[in-house]
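Next, two complexes with chain A in common: one pairs it with chain B, the other with chain C.
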Partner chain A sequence: MNNIGRNSFDIGYMDTLAGGDSYLHRLDPRAKLITAFLFIVAVVSFGRYAVFALIPFLVYPAVMISLGGLPYGYLLKKVLVVSPFAIVIGIFNPLMDREIVMQIGGIGISGGWISFASILLRFVLTVSAALIVIALTGFNTVCLALTKLGVPRPFVVQLMFFYRYLFVLTDEAERMVRARSLRTFDAGAMRFKTFVPLIGHLLLRTLDRAERIYLAMRCRGFDGRIPMIRSLRIHFREVAFVTGWAVLFTVLRCYNIPLLLGSLVTEAFR
Partner chain B sequence: MSHHIVEAQDLHYTYPDGTRGLSGVSFRISHGESVALVGENGAGKSTLLLHLNGYLAATRGTVRIGDYPLTSKNLHAVRRAVGMVFQNSDDQLFMPTVFDDVAFGPLNLGLSEVEVELRVAQSLETVGAGHLRKRPPYKLSQGEKRSVAIATVLAMSPDILVMDEPTASLDPMSRSRLIELLKTFRHTKIIATHDLDMAADLCERTIVLHQGKVTADGPTIELFRDEGLLHRSSLEKPLRMQKCPVCSSRAD
Partner chain C sequence: MHMADALISPAVGGTMWTATAGLIAYSARKVKAAADDRAVPLMGVLGAFIFAAQMINFSIPATGSSGHLGGGMILAILLGPYAAFLVMASVLVVQALFFADGGLLALGCNIFNLGFFPCFLAYPLIYKKIAGGAPTQRSVMAGSLIAAIAALQLGAFGVALETVFSGISDLPFRTFVLLMQPIHLAIGVVEGLVTAAVVTFVWKARPEILNAAEGFGRIGSVDMKKVLWGLAAVAVIAGGALSWFASSNPDGLEWAMFKTSGKEELESRDGVHATAAVVQERTALLPDYGFRKSEAAPGADAGQPWPAVDPGTSVSGLVGGALTLLLAVLIGLGLRRRKSAA
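Moving on, here comes the complex of A and B:
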C-alpha cells in the first residue's frame, strides 16, 4: 500500500466539505478570508512567551467548526500532518533558553519550553484557521476572493494551477511508485539510488505537461489574464460577521482574559 | 467560404535536437472536408498538427489557413479559426470547474458575460455534458473529460477542428458516442489517429504519413484496401475490413 493517493483524495475532501450549505458556507468568501487574516495577525502579534493569553482564541476555530458543521477529527488530522514543521522550528528553544521563568508545583519551567508551547499553540490556531476557510469556501473560491481583494494575479494563478494539477501530479507519482514497487521484490523502503531518478523523471514529465497546458491556453487566447465570471456581493451579514470577530479579536489581544479571570477568582476567595 | 481551407506546402521541420519531424509535406484540405491523418508512431502526425495552429514554425515551407498564410502576425486569427483538441484532456482542462474551462476561450475573445454564458451552455449541450458544468475537471471520467475538452473548443466557434487521437483511452461506448457526435459537426475536420475504424466512419479522405512524408493521399476506403501501403506504415486494416475470425467470411 502507498498513501500518496489517499492523501490527495483527502485534499479533495475539502472541496466536498465546501459544498455544504450552512450560514458560514453562504457568506461571501472575502468576509471569511479577511476574518481569518485578522485572526492570524492577532495570534501572531503576541510576544514569544504568550501561552495563556492565546487560549481564548481557540473560540474562533471552535465556533466556525461547529456552525459550519465541519468534522473536528478530519481537520485535526490535517493539522497534525503539517505539525512537524512547527516542531522543527520550536524544538531548539528549550535547549537554548534555559532560564527558569515559572514554577509549577515546585518544578521550574524554563522560558524555552514556554516559547515552544507558544509556537505550537500559534501553529494550531493559524493552520486550523486557514483550513477552516478552505473547508467552508473551497480552494478555487478562495483564489477568486484573493483576486477580488487585489492580490496580484500571477500569484493567484500559480495557486490555482497548483491546486488543479496537484491531483494529476500525485496520480502520476503514484503510478511511478507503484511501477517501482511491483518490480522490487525485497519490499524494502525506496533507496536513494532509485528515488533520485524517479523525482527527476517526474520533474521532466511535469515540464512537458506544463508546455502542453500552456499551448492549450494559448490556443484559446490566453494573454496573461485568467478571466472568470462570478458575482460576489457584500451584504450586511458579511459586514456584521467581520466586525463582530474583529472586535472580539481586539478585546482578546488587549486583555489577557485568563489572567483577568484568575485574578477575579483569587480576589473572590481572599 | 474560403476561410475553412487548410493548405500545407512543402513543410519541413527539424526539432532542435536534430530529430527530423517533417520532410516535405504538402496537401490541401478544402471547406467541410473530413480528413484522417494516419501513420506509425513517430511518423510526424502530432508535429504536423502543431504546425496548423502555429505552435511550431516550419523550418521551410508554408501553411495557409483560409486566406492567411500563417505568420506570427496573424497567429491570433489563426488560433481562433483552428480549434485543437489535444490527446490528453487533462492538458486541455486547466480551470477549476467545467464551466470556467469552457468559458475561458470566449472570455478571452472579449465576449460579453451574457454571450459567454450562452455559448458555454450551447457547447456543453452539444457534447451532452450540460450536467457537468459545476464539476471540477479532475473528477470526471476520461469520456466526460474528452466531451468537455471538445466543448471548450466548440465554444470558440472555430472553422476548423483539429484532433489528436480523439478516441484514445475511451471505452467502446464512449468511443461510439464520440464518433456519432463528430459526425454531426459541419466543420472542416483533421483527425490524427490510429483508430482506422473511426477514420473509415468519419473521414472520406485519408492522408498517410511515413517518416515525415506523405506516402498516400486519397479516398479512405481505397487506401485501407491497400495492404502493402498499410503494412509499410505499421498499420493494419480496420477490423471491419478484416476477415471475421469466427465465421471466416470477409466483412466488406
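Moving on, here comes the complex of A and C:
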C-alpha cells in the first residue's frame, strides 16, 4: 500500500474507532468538543518554561483513551508521525537560550532545553486531545455538533461533502498513481512533465463528477441542505462531564501538583 | 507550514479564531446568497481533489526534494474567493482533526494563513488584475505564479508573527523571518508553477471551465473594503475581549513587551496585574522568566540568582513529575483493566 492508500486507511480507521460503544462514545459530541477545547486552552496557557506542571494533564488523554477503549499504540504512533513543524521550530530553543537554570547532579540544564521539553509535552497533549475527539465521535457527528453550536450551515454542508468524497478521490488518485508506476520502469518519483497532466486529468474527472453528483441530487430533490435525523440532547451527564473536567483543569492550572507531591516526598525522606 | 498548538498562546489563538470565524460566516453568507445549488457538490468534490492531489508528489530535479499542489490559489481561480475560502477551511479542519496537523486552537491561524491570503488578497489583487478579463495562456501563467508566491510569502510572514507574539519559541523575530521567507519563496515558486501548469492544462483541454468559473464570479468579486473593515472590527473586539485573558496570563505579551520596551513588565502592578502575578508565581515552577533575560543582558552572574537554581526545588520537581507521570499511566491502565473485566 502506498502513501495515499495509507492516508485514507487512517481516516477510515478513525471512523471505525468512532463506531465503538462506550459511555464516552454515547456522550453528546458538543460536550466532548468543548472539553477538548478547554483542555487545549488550559495546556497552552502555561508559561513557556512549564514542564512539570504540564505532566498531570496527561491524565485526560489517559482516561479518555482507556474509558473509550481506544488503542493506545495506534494513537501514540499517530502522535509521533504527525507533522514535525513544532519540533523543527522548538529545537531552536536550546540553541538560542543557553543559560543554565537547573542543576541535576552536577549537570546543568539550560532554559532552552526546558522550554523545548515544554513544547514537546504541549505537542503530545494537544495533538492527542484532537485525535481523541474524532476517534470517540466520528466526523459526521462532529459536523452535527458544529451545526448545533451555530456554525453557518453552508460551511457544515461543505465539511460533510468534502468528507464524503475524500475517500472517493483519494482512491481515484491512488489508482492513477499506481497505473503510472506500473507502466514505467522508473520506480522513482514523478517528473513535473508527468505530474501536471496527471493532476490535470484528476481535476477534469473531479469536475465531471461534481456535475454528475449535482444531477443526481436534482433528481432526488436536493435543496442544498442535508437533513439530519439524529437529535442531540444535553443531559445531566454531559453537564457533569464538562464541569468535572473543567474543575480538574482549573485545579491543575492553579496548583503545581508534581511540585507539591515532590516536596512532600523529599520532605519525608529528609 | 502548519502552525501548531504547541507554539501558540491562548491570546493569539483566540484572536485568530475570532477573525477566521468571522470570515467563514461572511463567506458562508455570500455563498448562500449566490444560491447556486451547483456550487454545493462542486465545492465538496474540489476540496477532496485538493486533499488527494496534495498526496501526489513530483521530484524537483537536482535538489532531491519534492513538490506538490498547495491548494488555496487554484481553488480561488476555479471557485472565486468566498467558496474557495470555505473549501480551504474545510480541508484544514479535517487535517487538524484526523492528522492533527496544527491542532484545534491553531486552526484559526492556519485557516487564516492558508485561506485568507490566497483567496482574499492574492487572488483579487494579483491574479484578477493580471489574468482577469480575457485570459491568455501567458497571463494565466504569470498571474497564478505571482499570486501563489505572494500568498505563500504573506502566509509565512503570518506564521512568523503569530509565533513571535505567542512567545513560546525562542527564535527572535528577525531570524525567524529570515528563516521562513526564503524557504517559502522556494515553495511558492514551486506551487506557483504547479498551479499555473494545471490551470493552463485545464484551460487548454476545456476552456469553458475557466470561463464558467468567471461566470461563477457572481460570488467572485470581492468587496475588499467590507472585508477589511470587518477584519478591523474583529481585531478590535477580539483584542478587547481577550485582553483580560491575556493580562491574566501574561506569557506572550510580557515577552513581547520586554522585546519592544526593554522592560520586563510595565510598571503598573495593581488590580488584575497583581493577582495575575500572584497566580503566575504560584503556578510556574520557574516563575517570572522575564528576569532571566534582563539578568542576562548586563552580565550573566550579576543580579540576584534566578529562583529555580535552588537545587531543592529542582529535585522535588523531578521527583514529583515522575510520580505524577506514573499516576497518570496507572489511572489509565486501571480504568482499562476495570473496563475489560466488566
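Rule of thumb we're sticking to: the second predicted complex is superposed on the first by the 215 of 270 C-alpha atoms of A that agree within 3 Å, B and C clash if a C-alpha of one lies under 4 Å from a C-alpha of the other, contacts with A are read in each partner's own complex, and residues count from 1 in each chain.
One rule holds for everything that comes next: a residue touches a chain if its C-beta (ideal position, glycine included) is under 8 Å from a C-beta of that chain, and two chains touch if they have at least 3 such contacts.
This structure is a prediction, so every number in the text was calculated from the model and none was measured.
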Touching partner for A:168 - first (chain B), second (chain C), both, neither: both
Which of chain B and chain C A:194 touches, first, second, both or neither: second
Chain B versus chain C as contact partner of A:76, first or second or both or neither: neither
A:246 touches, of chain B and chain C: first, second, both or neither? neither
Touching partner for A:209 - first (chain B), second (chain C), both, neither: both
Per-residue touch tally on chain A - higher for chain B or for chain C: C
First, second, both or neither for A:220, with chain B first and chain C second: first
Contact residues of chain A, present in both the chain B and the chain C interface: 139, 160-161, 163-165, 168, 209, 213, 217-218, 222-223
Contact set on chain A toward chain B in their complex: 12, 15, 139-140, 143, 160-161, 163-165, 167-168, 209, 212-213, 215-223, 225-229
Footprint of chain A on chain C - complex, ascending: 1-10, 13, 24-25, 27-29, 31-32, 37-38, 40-49, 51-53, 55-61, 66, 69, 86-87, 89-91, 93-94, 96-105, 163, 167-172, 193-194, 197-198, 201-202, 205-206, 209, 249, 251, 255, 279-280, 282-286, 289, 292, 296, 300, 306, 308-309, 311-321, 323-325, 327-329, 331-336, 339
Touching residues on chain B, where the partner in the complex is chain A: 50, 53, 55, 76, 79-80, 82-84, 86, 88, 90-92, 94-97, 100, 103-105, 107-109, 113, 116-117, 136-139, 152-153, 156
